[in-house]
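Chain naming follows the written order as A, B, C and D, and within any one chain the residues start at number 1.
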Amino acid sequence: MDITADSLARLNDNPLYRVIGIHLHEALDGHARATLTPDPQVCWPSPAQPHGGILFTVMDTTMAFAVMSVAEPDRGCATVDCSIQYPAPARHGPFVCKAVAARKAGRTVFVRGEIVDANETVVAYGQATFRIIAAKT
Amino acid sequence: MDITADSLARLNDNPLYRVIGIHLHEALDGHARATLTPDPQVCWPSPAQPHGGILFTVMDTTMAFAVMSVAEPDRGCATVDCSIQYPAPARHGPFVCKAVAARKAGRTVFVRGEIVDANETVVAYGQATFRIIAAKT
Amino acid sequence: MDITADSLARLNDNPLYRVIGIHLHEALDGHARATLTPDPQVCWPSPAQPHGGILFTVMDTTMAFAVMSVAEPDRGCATVDCSIQYPAPARHGPFVCKAVAARKAGRTVFVRGEIVDANETVVAYGQATFRIIAAKT
Amino acid sequence: MDITADSLARLNDNPLYRVIGIHLHEALDGHARATLTPDPQVCWPSPAQPHGGILFTVMDTTMAFAVMSVAEPDRGCATVDCSIQYPAPARHGPFVCKAVAARKAGRTVFVRGEIVDANETVVAYGQATFRIIAAKT
């Protein structure tokens, strides 16, 4: 599925991304990239550090668009499972998340991702399995 | 560490929990329980369904308090890694998350958790490793 | 699929299980149980402790039979992914592995398992996703 | 810790690696590489395909040496947890496993790995957490 500049603009315009601070930049040929400029209200318990669940949300979101970019048009996708590691504290935003749909086997897609801080230090690694499903309407 | 009713009230009074809809109910002897009454703004892309990252945030939060309940006073904890599965769509809230600190080996704690919907269907399973660290000040 | 005493005997009679020391005891209604009496040659680098990969092999095997017990006859299954934790050293065998097919969603099955030593200490927790596939012939 | 050609020869000379068909080739500066030429007895239930637990054993082993290569001399390491995915059937050996110790935070090491078949198709992805411990004696 092609994710055009126009559809990116529409995708980014939703309450979840706004409240967290997510912006999806591209999703093409199995690769997706998003940034997290965390809203202060999702930086808890440590000020200026996004909660680990917020980092996970960015990872999962970026992975989903990597999957969508290799799916047929008019499909959706669902996370089956995801493993995330936190190798370093997430102190220095904004953060950049990159995800790759490494393998598509039928409707199952294997995905890997990472999030780096402003100093290029990796603050999260992810490994996930998605299923391509009928589009949510 | 004892987590008293008074400290629970203070713990629940923070912007992250409010914006998502998390409420921690108890954390004692390695067991913790929280509820998610998801705010509409975190239910995206499917209306009334919290995003998978929001379910993860509740899981991670509940697990952290299960860990804190077996840590010495004045300690904090950090998620090392967490694996989450989504066995069913999260359509029928509110949701209840339970987590158990299954094993403490030195400062490493092994934790398991699950989230059920209003019909007792499991919508997420989690398995995580935490480290007990110096308290964040 | 019913796994009868007769088919259990045939299932256990294979070179992999013999070389490792695996014995499958039952697989019924989504629950499976196996034991590991580790052969000395798979106890390395620590004498008398099975390698972590051997514990994983028992976990994956037991999970697979939990899945098979909820699959239609003449089907097989494949591990999509599995997360394993090692909360304690595996010093005191024999070991018992129990696995539960917690949820079947179409042909995807969500499974959890654990391995205990002779003192009932948990030495491994597992969380996996399987797919039911056409039988291998 | 330097893992010299001489110590590699000694490391490879053990019953577990022989019975499975593992050979460690190098471990330096956080990178390790091993091959799996699976013994027929560990190829079950599908002839010529190593069991998923055998692939895991190679992954875990290669990761452990990536960790050892960044540890101080006279240390050992232990797998805390590991997530493995199987994106494609492992039909065409021999297999090559590469692992990278991506981040060392105190005595915790975050590791990633993959196994490819003879056609360079990835048959396993791994993501693990290890702890550096006192050497096993």
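Of note:
Everything that follows uses one rule, which is that a contact is a pair of C-beta atoms (placed from the backbone, for glycine too) under 8 Å apart; a residue touches a chain by one contact, two chains touch by 3 or more.
For clarity, every value in this text was computed on a predicted model and none was experimentally measured.
When the C-beta contacts at B-C and at A-B are tallied, the pair with the greater total is A-B. Using the average of C-alpha coordinates as each chain's centre, A ends up farthest from chain C. Between chain A and chain B the centroid-to-centroid distance comes to 21 Å (mean Cα coordinates, whole Å). Each chain gets a centre from the mean of its Cα atoms; for chain B and chain D, those two points are 33 Å apart. Computed centre separation for the pair chain B/chain C is 29 angstrom, with centres defined by C-alpha atoms. Contact of a single residue of chain D with at least two other chains is seen at positions 80-81, 83, 85, 127, 129.
Chain A contributes residues 80-81, 83, 108, 127, 129, 131 to its touches with chain C in the complex. Contact residues of chain D toward chain A in the complex are 83, 85, 87-88, 102-103, 105, 110, 112, 122, 125-127, 129.
Partner chain D is touched in their complex by these residues of chain C: 14-19, 40-46, 51-54, 56-61, 78-86, 89, 136.
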